[in-house]
């Protein structure tokens, strides 16, 4: 056996207690999201607040329920690489389509 | 442990080597079909006002030529080598998921057959033969492909066929990523992987990320055509440009999906025949990864004429030009590999060097249309046709032929004839330059691409005739290649384990390898295991007879049954018959369940 | 003419044996827009040619010098060289700077802006013909674009159906005609003449037959042309064949698609008010003479696959067609 | 069966993560399209007139809870507690079914209010995006029920914990996608 083989997989899964606490956090975050949506005072910052809250939920599920936090980094890479590309593509497309007016600038085509 | 024989054993096979051969022969058949389509195109254009085929037929020919060559010939020829060589190169007994591998092949075959069936099934749609093949171009620009402008089933075949082929590529992508990351022999660290395996890995990452995008684009088109949505319909407030973005988001990575495997082959062939390690191996690997990454940031350079605005044009021009850097680095490393070597001019080396020489031209003309204003004169003309053929023919096909001549003895146990091989090479080399070089001029002189006819006043008749002659030279060279393949069955010299003195693991087993590949899984201690360098001697080849019995997994029908569900599902919208959809779904689900619960040990 | 172009053309002529003229060449620009693109391309071409020569020479020398010879000692297993790697990473990057800077400069210079006094023309692509609308002059024509010499022209390009691309190579680069979008190009023609062009984006069955001509007139010539176009249609003299043709036109399906000012309002096909003044018919496919016009009217799809102008049902009688031809030819 | 692998990781699990990576691009493209076409509909109904936030919040809550059930099922199977393993697996599938039922009610309601897949760009993008998600949920429910039946037959035990873990990966990913859709489609109008 070469040194590269690191033996069988370590099962460093969280305990049921952690699962329950994460579940509670997810519920609270969802309540916050819906709450923010209904409070007029928040409407100025609605989009950034919602994006932060939903990323938090996303991260919690991926880290704890999908065990990425303690699992092999290869899995993080297999999710993270494409995720970065997907987000990059999304931002670029929004820029190309919605930013068209400013982007076109001198071209003035629109 | 002896190999099963007979038709059933091939239909149910899960052996990566057999699947590799199936891929090879199927892709070769499609390559010939695509080539015949190309000859029709060239005959039509041999002179102005050509009358050989009608406008409608011509549009089907160039659409099917592009689609066939890209999805049914070049990608699967690459896949044939992934299948056959990657497990051998990493010291594995098979891929990670042998049945998924069979599934990929069958899906590819059925998808290809569905696409090509469109040539003949016109009468079923109350149209003539040769009337309902896809005719919207391999790029299928909306809104021309919408039902309003393409009412027939032509585009339906294209959309459904590509969706099916995408599933095949995706399944193979997951399979090979896991195989390469997780099935390596002891000691085969990532930076000891042969360059071909590395480029395969990068290619698979591009496949699993790029294909979902085209899947979505095609799904929108499918919904527009069948279910009355308006994803690309201007009248509903949508824009057909969305299709172009989705298509090229996939399309540019696709270009590298086609070229990276060929680069990998060349990176393996050059060291073997110059008897020198690949120069700058880590740099070649990293530049391959970089090219893969950068291919995600350049797609809009296919759309400079769309009018995205000066800022977007500048950004995409810059990223596109930057890609030339890692590509150039690879070329310099290949030349440096040859430099100081003891170069044996085998056919495989001829093709590998031909790849470099021709790919340089394709790369440089690529830089000329990375510049948006210059591209405004070049895009959609024959200049770009010249460019893509220097990249795909001079590049990918030369690279893959290098692979064929290099690995044929390993795959069949017979050597190909070197004299015929060199005749093939030189004819193909001259033919391709005759066929494609004049296209640069034809384009600059103002002939657009995808035209079934052109006016004599354009002044490009003679150049087109030269190009047509070149195309027939290529056809002749391919005939010689086929003769060579055929003759090798009976006249080819039996191949020893290692006819070339290769450094990588595939040469340490018999030709063709036993069904279990390695009698003993090798333990790898360095990057060139079979060579002696200043630091180490060659490793010992595994014994010819396994010291203990090796379990070889049996075959399975279920991957094929599940795969068959997909074309049947596709028939439902094509024929507007609902019950067919249920049959297809039932086949797919039954196949998957039976497969999941069938005992299968690797 | 820059030297490289002479060289290129020489090769082309030598191969072609006939040697042009090349009415759609991109290598002899006839406008400011065409010229800046040409200069940019020339620069990049020389860089590319230089790199091509250096690298291919290096490759060939390597192959000759290190070809297999009996008794050659085993090669030294060199694995790489960091400095060289850095060098051949930086070298192409440096060259690209020389390509990128003029590129970006030209992008902004050719972004489609024209001076306020530019002649503005709307270009609308149709399957498979071109419509040109001169907004200020209030005139509409098809397939033959007239522009004055030396005056800036701004084209606003769009499409009525699928995506096309407007391209008149001697006058500059192409731009896509996209339904729902307007793209602009601007140019100033610098030589009187007739320049050919054609649709450059695949747009269906008759994509190859969607041609166009740009006529660059002298200032006075353009004025004369515009005056003629602005006038109403010529009324055929009583008792002539042309007058009968007008009657045939008015009672047959023609009026559903074609405009003749004061006669019919159709907008699906090209405006025919002054069709007799055009040099070609069927979007640049055929010369505008009575033989071609007659066969075009009789069966357009036979001459132009997929043409929306279908065969007349019931077919027009030969003498009706002759009358129609006379009428259309009279519409100077 | 865990064959010895070079990274010491389970093949199927690795393939599944690659699949999930691939799915990121699938949903990324769908969501991009939704955003690009946001506000481009020429005719109504428009999102604010039709989206029912309280209803969908309950669906979201339901799907989050199903994810919690899923991890509890995994934990139970891993420690060999097949009684609770079966209970949690079934609850997960049940909550998935409830979510699907909610989607059916939502879609029917929209159609009654005049929004079909062909009505406008909002209809196109909304139905294809959430429909694709719903199709994923459907596959997940079938998968979970299959596991549950296997468990009832006594064919699922701690030795198959990896199968349950992979099912969980899929299920959580479907949940995560919904988290994004809920925010992007429903809350950011």
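Here the chain labels run A, B, C and D in written order, and each chain numbers its own residues starting at 1.
FYI, contacts are C-beta pairs under 8 Å (C-beta built on N, C-alpha and C of every residue); 3 or more make two chains touch, one makes a residue touch a chain.
Nothing here was measured: the structure is a model prediction, and the numbers come from that model.
A.B. asks: From chain C, how many touching-chain steps at minimum until you land on chain D?
C.D. replies: 2
A.B. asks: Kindly work out which chain lies most centrally, taking the average of its C-alpha atoms as its position.
C.D. replies: Checking distances from each chain centre to the full centroid gives B.
A.B. asks: Averaging only over C-alpha atoms, locate the centres of chain A and chain B and give their separation in whole Å.
C.D. replies: Each chain reduced to its C-alpha mean, chain A and chain B end up 34 Å apart.
A.B. asks: Using Cα averages as centroids, what's the distance between chain A and chain C in whole Å?
C.D. replies: Centre separation, chain A to chain C: 49 Å.
A.B. asks: So, what's the distance in Å between the C-alpha centres of chain D and chain A?
C.D. replies: Computed from C-alpha means, the inter-chain centre distance equals 16 Å.
A.B. asks: On chain B, where are the residues touching two or more other chains?
C.D. replies: 177, 181, 186, 208-209, 213, 242, 249, 307, 309-310 - these are the residues of chain B that touch more than one other chain.
A.B. asks: Could you list which residues of chain D touch at least two other chains?
C.D. replies: Where chain D meets two or more other chains at a single residue, that happens at 6-7, 9, 14, 18, 21-22, 25, 28-29, 36.
A.B. asks: At least two other chains touched by the same residue of chain C: list those residues.
C.D. replies: In chain C, the residues touching two or more other chains are 108, 111-112, 181, 183-184.
A.B. asks: Taking the complex as given, what residues does chain B use to touch chain A?
C.D. replies: By the definition above, chain B touches chain A via 177, 181, 186-187, 189, 205, 208-209, 213, 242, 245, 249, 296-297, 300, 307-312, 523.
A.B. asks: So in the complex, the part of chain C that touches chain B is made up of which residues?
C.D. replies: So the residues of chain C in touch with chain B come to 8, 11-12, 15-27, 36-37, 40-41, 44-45, 47-48, 51-52, 55-56, 58-59, 62-63, 66-69, 72, 74-81, 84-85, 88-89, 91-93, 96, 99-100, 103-104, 106-108, 110-112, 127, 161-163, 165, 167, 169, 172-176, 178-181, 183-184, 196-209, 211, 305-306.
A.B. asks: Quick check on the complex: what are the chain A residues that touch chain D?
C.D. replies: Listed in rising order, the residues are 4-9, 11, 13, 15-16, 19-20, 22-23, 26-27, 30, 33-34, 36-38, 46-47, 50-51, 53-54, 57-58, 61-62, 64-67, 72, 74-75, 78-79, 81-83, 85-87, 89-90, 93-94, 97-98.
A.B. asks: Can you list the chain B residues touching chain C in their complex?
C.D. replies: Per the touch definition, chain B meets chain C at residues 54-56, 59, 136-137, 141, 143-144, 149-150, 234, 239-241, 274-277, 279-283, 305-307, 309-310, 313-314, 317-318, 321-322, 324-325, 328-329, 331-333, 335-336, 338-345, 353, 356-357, 360-361, 364-365, 367-368, 370-381, 438, 441, 444-455, 457-463, 466, 531, 533-534.
A.B. asks: In their complex, what parts of chain D are in touch with chain B?
C.D. replies: Going through chain D, the ones touching chain B are 1, 3, 5-7, 9, 11, 14-15, 18-19, 21-23, 25-26, 28-30, 33, 36-37, 40-42, 117-118, 120-121, 123-125, 128, 146.
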